[in-house]
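Next, two complexes with chain A in common: one pairs it with chain B, the other with chain C.
Up next is the complex of A and B:
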């Protein structure tokens, strides 16, 4: 008996110790490995190599899908024609617009505290829009024809025509702004930054309108989405710039000076505000949706208690909004490490936020309300290997270009502040 | 003591003096890197650029630092006494004294929060 007690205590102690050491050693080792890789040593080139390999693999996957035909390669159907590629495209362009707005607060409106992050934000806004365009390139069956007819046969009443055109203009302005920043011509950079901001806001709210103007899809329909897209973009932009600035400083080993710390504090506070705004909008979307039409209620049920409940409650709400909000609130944006942690969680979760927005809007069949038997259940969608490879290519482009940018542009130093 | 002087907003289209006492000087930015020794710095991807872009490379406060060759123009003000600082505050209203970006000639910054009476 005594031996048994002794043994059970011993076993639980061992288990406790094992769990603790596993936790601490795993986390500490994982963190130190990450920091070690990012510490400006030669392992930077290993990271870069991995990034290039990922882009290569992703692009090959995408070209293979092109070869065998998208209808065979992708998981989208007549019922759910917009899948993970559309949501990933939205993820990237939302991020790009957000970065543009963050940069404009400093570079166009002259708010000093935002100035130190301007250069990196403008660069990343170009990188992310490029990644978004790459993903959509492999979503459209004939992208070359699209580009051609966009010019020779403009559809002025089509939101999608406006989206392509405005994002093209936006990208042009952002590239020119970045060139003028590099040339230290801040007067012209400011004008192009303002033009980019206007084009970006127009493009992005129009992107929200693509969804918001679809009568047949109750989940999206209404004036809510253009407003939501802009607020959500600013939240994404804040999280992304905190995330990449922290990583950038790890790569170059630079000491973060006081103006940069102040800047990240200001961005963190803005991010916290935007999380609150998104939470507010989400709560009202649900409340008003629950007294809406049957299709909308069905979609909301799927989101809150159905197949998308994990995505919504755990990824979107918990990891994407609530926990980062608590982290920002408790650290008041003054602890850069904590802000990085919160922003990393957000960047990860926002990806799923976009996925849910796009897919949940289509899972209730359009004939559902009419009681057609074949469409009694929810439509299903699972991304295929080829679709995932295109997403991987987009993420790889962002990561690789970020790494190259840190090296080539020397940590995006700005003398404006 | 030399202070960098600025306001809460900056003009990007022209270099505006934040106050009548300010003068525009060329300052030498200090480039700190978070490694302990110059030997350790040699293994880093930024080492060559850091060496080429600066001079007087040294170890300081458990970090390595150099004076960057490329100077930067900043509005600065010379304040020698507490009385002078207080009279400056009386003239311009609320001010915040903060660490500036590190320069060889100045390490503190006075940020004018807004014109007095606003």
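Up next is the complex of A and C:
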């Protein structure tokens, strides 16, 4: 496949390629993967069963929240309208965008060392964006209206509109790319990979701009966040692909071959670079913030010495950035086990990075500077049981789909050359 | 240095409280304002207020582009926190117990006139450059082209709450019954469109703290309250640049 397509890509060509592949290998391949799926080891099915139970429990919690009303079920308030669900959504889509960029380095820009992780990265980017959309479905008060009025009444000045629309387009491109990778049509897959990358980057910088363009919120306002989000996405993408590749090989109980080891080494090095970039951005964010307006200083103080100090210093800085950096540096990315450890720490800590970014931006009330009694203190937010269940549903979807993907797509072995 | 004798007991203070009200009034009549008074500062300086008001009628029209251009002037020192405005608003606009369209904030001020605190009524500022309208992904909130009131199109609201965060005045909340964000709209649907001249809160205010009217009409009370030289007029959170239409003044 793929050799007969030589000239420029047209829609008809794409359709032709698709139908031909469908006729020849597609069904056969799917049949064989189905057989393969059913012949997995016992422990695999135990894991899968647990994953499905987690998804079930999470979605039940989410529907229960829907039933009793979000105002009662969720911990968000008038002062802090965006809580852990928004930050979890960001966590997932940042990861997705990052995985897309990592896959594009290999697949679109042809860096050989990144090729072995491409297939898994593309698949997981679809998985994580799906998890993200699931979480946001239970965050938005009227998701049905969203589907309708996003189309017939677009707010073109709104970053949320651009972000949502572009992420929809992005998801479509990534799915098509993955299908073409499965069909071994790498020329078309590359085109869709590039389109997905462009849509993903545009969507993701808009996600940063949702916060960056809120001029009433000093902590977020400015061009910093759109830039930070892209850098942060690449860092997340590197960590996530190391994390899931290692797990994938553990599940299938296989040994990594030479190209895969080399690939993870290259990803580890890029990951190290991106940690440095994020550290650099964070340091300057703090230093510039400390000479800013009183609201910003107040928020930074809460982050560094106040109620969010543990999150910031221990989770974000230590577990999320500094220790993984040291691990990568000392093992030079050659020790897969160590790279996995570092990436696992990062994936865990990045979740809190998003949480802190979202919540700390809201803790200083808008009337704080006015000096009134009602807004003298910082606003507080604690996630509720129902919110955590929605997060669990998102994580469960990611875990379960990852497991299924490993089996169905045969450990994402790629024959990309 | 031996001959210099400073009579410490009879030194005159140079801070604000040494300026008598009469002196200040005379001073203001010549078209100057004293800055620093309401900023809690101790520096007394005088600058011309004229340029910060209007150079020409054209400029005024630019600042008040709507007809009628509804606005509110709050005489902060007149508010006694009786909350009749809140009750009237709640009743008129079906505001649930968990939300508010307007509220009164309380500030401790060790003030020279003997008052210990002042009350600051807040509501939607119906900004000329509304951050909430820009942020809405489905155009569920709009700036009314005629009156400049920021209105909700509730049926389009998806409940993403971006507008709540975009608002510099915390004027928005999610209303469960309407399944949409709710906010003050100067009683547009409940009173103004039915021929009433005042919002429910302004009509209920017993002290004249809340003054509602057309800022584009030079004969209106609110216009006169904003465009005078004797009292300082300010808005909340001017640094955001939203160009609010709720003004505050004292005295």
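The rule is short, and it goes like this: the second predicted complex is superposed on the first by the 375 of 417 C-alpha atoms of A that agree within 3 Å, B and C clash if a C-alpha of one lies under 4 Å from a C-alpha of the other, contacts with A are read in each partner's own complex, and residues count from 1 in each chain.
The working rule: a residue touches a chain if its C-beta (ideal position, glycine included) is under 8 Å from a C-beta of that chain, and two chains touch if they have at least 3 such contacts.
Computed from a predicted structure; not experimentally measured.
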Simultaneous placement of chain C and chain B on chain A, clash or fit: fit
Which superposed partner A:81 touches (first chain B, second chain C, both, neither): second
Comparing the two partners chain B and chain C, which touches a greater set of residues in chain A: C
Touched partner set for A:57, first chain B, second chain C, both or neither: neither
Touched partner set for A:150, first chain B, second chain C, both or neither: second
First (chain B), second (chain C), both or neither touched by A:374: second
Chain B versus chain C as contact partner of A:273, first or second or both or neither: neither
Touching partner for A:404 - first (chain B), second (chain C), both, neither: neither
Minimum C-alpha spacing, chains overlaid - chain B and chain C, in Å: 38
List of chain C residues in touch with chain A within their complex: 98-99, 105-108, 120, 122, 131, 134-140, 155-162, 164-170, 173-174, 176, 179-180, 236-237, 239-242
Residues of chain A that touch chain C when the two form their complex: 69, 71, 76, 78-79, 81-82, 140-143, 145-146, 149-150, 153-155, 157-161, 164, 210, 213-217, 293, 362, 365-367, 369-375
Footprint of chain A on chain B - complex, ascending: 6-14, 29, 31-35, 43-46, 49, 53, 63, 72, 98-102, 109, 111
Interface residues, chain A side, partner chain B - complex: 39-42, 44-45, 107-113, 115, 186-187, 189-190, 251-255, 257-259, 262, 407, 410-411, 415-417
